[in-house]
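The structure that follows is given in the form of structure tokens.
Residue numbering begins at 1 within each chain, and the chains themselves are lettered A, B, C and D in the order written.
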Amino acid sequence: MPHIPVAILGATGAVGQRFVQLLADHPWFHIAALTGSERSAGQPYGRACRWVVPGEMPEAVREMTVLPSTPEALAAAAPNARLLFSALPSGVAREVEPALAAAGYAVCSNASAHRLDPDVPLLIPEVNADHLALIPHQQQRRGWPGFIVTSPNCSTTGVVLPLKPLHEAFGVRQVQVVTLQAVSGAGYPGVPSLEILDNVIPYIAGEEDKLEQEPRKLLGRVVGDRVEEAPITLSAQVHRVPVFDGHLAALSIGFATEPTPEAVAEVLRDYRPSSEVAALPSAPQRLLIVRQEPDRPQPRRDRDAEGGMAVTVGRIRRCPLLHIRLISLVHNTLRGAAGGAILNAELLVQAGGLSQEVQ
Amino acid sequence: MPHIPVAILGATGAVGQRFVQLLADHPWFHIAALTGSERSAGQPYGRACRWVVPGEMPEAVREMTVLPSTPEALAAAAPNARLLFSALPSGVAREVEPALAAAGYAVCSNASAHRLDPDVPLLIPEVNADHLALIPHQQQRRGWPGFIVTSPNCSTTGVVLPLKPLHEAFGVRQVQVVTLQAVSGAGYPGVPSLEILDNVIPYIAGEEDKLEQEPRKLLGRVVGDRVEEAPITLSAQVHRVPVFDGHLAALSIGFATEPTPEAVAEVLRDYRPSSEVAALPSAPQRLLIVRQEPDRPQPRRDRDAEGGMAVTVGRIRRCPLLHIRLISLVHNTLRGAAGGAILNAELLVQAGGLSQEVQ
Amino acid sequence: MPHIPVAILGATGAVGQRFVQLLADHPWFHIAALTGSERSAGQPYGRACRWVVPGEMPEAVREMTVLPSTPEALAAAAPNARLLFSALPSGVAREVEPALAAAGYAVCSNASAHRLDPDVPLLIPEVNADHLALIPHQQQRRGWPGFIVTSPNCSTTGVVLPLKPLHEAFGVRQVQVVTLQAVSGAGYPGVPSLEILDNVIPYIAGEEDKLEQEPRKLLGRVVGDRVEEAPITLSAQVHRVPVFDGHLAALSIGFATEPTPEAVAEVLRDYRPSSEVAALPSAPQRLLIVRQEPDRPQPRRDRDAEGGMAVTVGRIRRCPLLHIRLISLVHNTLRGAAGGAILNAELLVQAGGLSQEVQ
Amino acid sequence: MPHIPVAILGATGAVGQRFVQLLADHPWFHIAALTGSERSAGQPYGRACRWVVPGEMPEAVREMTVLPSTPEALAAAAPNARLLFSALPSGVAREVEPALAAAGYAVCSNASAHRLDPDVPLLIPEVNADHLALIPHQQQRRGWPGFIVTSPNCSTTGVVLPLKPLHEAFGVRQVQVVTLQAVSGAGYPGVPSLEILDNVIPYIAGEEDKLEQEPRKLLGRVVGDRVEEAPITLSAQVHRVPVFDGHLAALSIGFATEPTPEAVAEVLRDYRPSSEVAALPSAPQRLLIVRQEPDRPQPRRDRDAEGGMAVTVGRIRRCPLLHIRLISLVHNTLRGAAGGAILNAELLVQAGGLSQEVQ
């Protein structure tokens, strides 16, 4: 069993805290360093961080000193930690992640900054593990000893996981998606209560673009040194709702070959990732849970299925306009953020993608 | 100015209370009688009714005795009240409303029971005032001295009001609609708090069928003794969200002629109902309010516009799949229920549709 | 390790579901029968029960037939189950529980019906395990082969657990308590969302009386065949708030001997139940958790501590009127209801209180 | 009828917006200038301000330029506006308000900075209009041509208004107060939704001190150049709850002379401020509304009574520890903030307290 020191970039934010929580008891990884903003750097994590995720801050990190997000600081504090999890704000990630990859780090990022770079894998192990093949091209083109791998937007994850087997089986061509997203997706402090109590906000900056672009890359295939996007047209409308955790998406899907609702349910229920991916420590027992009840999935009832790493699907039925409608639910800060990025790192380790130097 | 006694059927429920509230100070109508369930009948309204809508129960109705919903009880208690507002549960309305029409009453109903009957107007004055022409056919075919006029489902109203001018201008052909609906739409006691706190329910029994059928009739035209439905295909997915009042709908629309978002905004902004309709006491000054902000409409901020009788539209932009996307918001218990039915009654009065006998 | 078949009375309600959830994997008990209302009886539990507690209904109970709550039905369906957990409504419990005790059952009840009967133990194992001594008197006086043991009101439990060590140390004399209670305390369907969204209700029927009476019995001592109540005066004001689980209480306490806040914190932190009680399977590792942060405990953050079986205390400071103020939080459906009653049953088993016949 | 130009200090925050809203249609005052933070100064109000209170931003202020909060800027932009309403943060108010009083302005402040200064009136017109007598002493001692008048903390207002007539009638001696406060009390952005959804926070920084001190001054009497505080001991415990507007307080009160609950209700119901105060434009028709229902007042149902300027009281009953318990509700941003400060200014105008120079 590997025993790999890792660092978390942007560890004081809401997603950073989920990384801390999930890595505190991880069978392969242990937290060797934490970074934060300039304001936080130098303070003990327990003081710098307002803990907002459920449960208690793990004891082991309380006294760790928050570092700045620089290669020098990381090298000095944790010379053996070559694998980094990034929960940096996207603006910061744009500069910092390449600098760290250039310094030889393997960066598993949850930030959006590099997701659509042609040579950067946008990765969900159960969807497109083969996109890891971009890494050597990325390293060669950029002259980096390290590299960046990204995980998708939280809502994208909940949409793409059910689309993957349907795309394989029937050829997805068109997707209308309307989301109802939890407040934790906006981080901390995030959405003011004055905005969201007894209310819905039909807007999240930048989110619709991500939902319309990322699935095309995730469902595309690697051709040479780049990804040929899947020929799918998506239309997204997003909403913030007064829910703590759990993003719900109402999908209407058009296919190359029209399936019956029963066939869709069967394909989703029968989908299994490769045995290598299924064996990763953070992979859920059941990946896609298909519910029969007319009123499921629901955020509060279904978000924690399989430790928040499953996606729950329900209300599969015909669409009068496209072919099939369904509802999908993902835990946005677990599967849709920190959990997804950790699964990516596990895949890297398993695939030997952490070179001796990096590992 | 007319001074017309009216009765409210099903006055103790949430929509019934909105009727009471709106009619308590109405310039044309005054409440002459109230009916309720068998359990309530015989009690003073102030005791039988758990008041749940904002503000206080009007003093004038507290001591009125709740009647059973029968022609005999109404005739005995309020012989001059020939105009009835029905907030009856649909199952009850199916039997009771025809009996009352047969007894000579004009029934303005908010129940769904008879909305799709071919000879019953499904009416929004600003949309299809000419559908009143069905009434003589209804009376003749059924041998009724009275008649039934219905108002649409609350969500339908918020969707059809902006569709109307767009249909006139560009020919609506396809509509994807996803709703986020307030708990007041389920009446009282309605949605248990254990179901909806920190949650979304992607299901409301029967609601999607209504949203897919009613707009076709509302936007259709009267041909002889029936309505020729508009050739529009709709697909609806509905959700209950933890919001008190205000149904929000995310629409994606395909047209016969593709308009620009600017043209859509202009058509919505410029739409005016006929001067007769605009002059009705409950008609809003501004019917369709077009917001420019990227994050509007919102239920809490926009539901009360124009006393809850306007529909607010925002986020008008192109759709990659159909032509145009937009967000629409309606106050579900005012414009979408009691207020809509009262506006229908005002139209009847103005049109002389209350015969001497009925009036 | 004992292996004891048990039945759950009133298993379809919210507290009944918590019993099912906690007993599905219990090391000593297994569910042999479930009862419900007349409406439910005869149906499979999976159909009769609208599952509202977090997580999924355990597979093992889905196909079990719901029984009526009678000795005959229980004897026929599960002849070896002599230990019953009651989540019956209080009105039903008043008749049914004595009938079952008379038929030889040991009834661990969460209902309020018999809590204040002089010969019925009102029991929290960490507080007054010695009150089990009432059972023989109860059996003798009533001629019952079985008996009834009750657990307190959910809010009482959160108040009495911290009061117990303080009473021992300093003599509690006066308690002002104001509660902020979760909606799950009202069961299902319970509080309508129209009542509680964006609102507080400063009233729960009967709750204040329970909070003012039950602690006196719980902190009293057994004298002969009855409990001599503790000489404490309590004043309670209760509120329902839009929180799912977790009852919070703001206490102000007067003592026989005024302690410092530090002494209070120390006494709470150092309190340990007897080793027998601490060894019970449902007993928490830490019973009373004292938080130092100025803004804790909070329902969402602290209710699940120790599997919902701990009580969390914070904001210990002087009171200008009485002596000490503090905030206490209990998980109302776990420690405060089903979990508490199961702990009582574990104590009975350990104490040999289940006679051969009953066991 | 006077026609008085005024300025609002700190106009972009939540309380500042309430000032704008209430003054936009005020019969005596009109808004001549608005100030904001350095970041906002120079921008049009419509751009600088994220409008968060219900309803729309008044048209008249959209294009007004936000000024810095300095005498110079105010003098240049609105030379005739000598009356200022301050919604400044307390830290800013500490410096800025004295500077403005020194420059000759009459400052009606909602900030806490100067509330407890011995020569500054802490004022509720219906409670202690005679405290205006402090103003000449303030001006003389400090050598100011202008002066400062303050309105109390939002929760204090909801507590003191019912205490005033009870103190007159029976002599209030001890008050236990536990509050459940709305999120709007924290301003904007204020409480993050991640903190308060499905939660309660038993802490608001500084709030308990205010609740324990301000009522003593408000109910005290002017002796020479200072206020002799009322000899009342208060103990406060405050909570933030997921409610938009409306602070609820659970009170337990000890008196010099024990009254019956009926006597308390009668005194509250019969209380009338002086006819001068009752005639002020913002004074409510009914000041104290006593509800009989067992479950009132409630924030959502009662906060808007009398345009948010009344205080609603309910659940008046004996207390086993002190004498009387009751529940009180105040609209925290109307009566408890902007509305209260405007009423103070109206009193000043009526009392001739705005000197020629100031007026």
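Keep in mind that, in the parts below, a contact is a pair of C-beta atoms (placed from the backbone, for glycine too) under 8 Å apart; a residue touches a chain by one contact, two chains touch by 3 or more.
The structure displayed is predicted, hence computed values, not measured ones.
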Top of the farthest list for subunit B, CA-centroid basis, is C
Check: interface with higher C-beta contact count, C-D vs B-C, is C-D
Between subunit C and subunit D, the Cα-mean centres are separated in Å by 43
Rounded to the nearest Å, the gap separating the Cα centres of subunit A and subunit C is 41
Rounded to the nearest Å, the gap between Cα centres of subunit B and subunit C is 48
Note: subunit A residues in touch with at least two other chains are 197-198, 242-244, 300-301
Counting only contacts in the complex, subunit D reaches subunit A at residues 14, 52, 183-184, 188-198, 242-244
Subunit B contacts subunit A in the complex at 174, 176, 178, 180, 197-203, 205, 212, 233-235, 237, 239, 241-244, 248, 250, 252, 294-301, 314-315, 319-322, 325, 327
Touching subunit B in the complex, subunit D uses residues 54-55, 197-198, 244, 300-301, 304
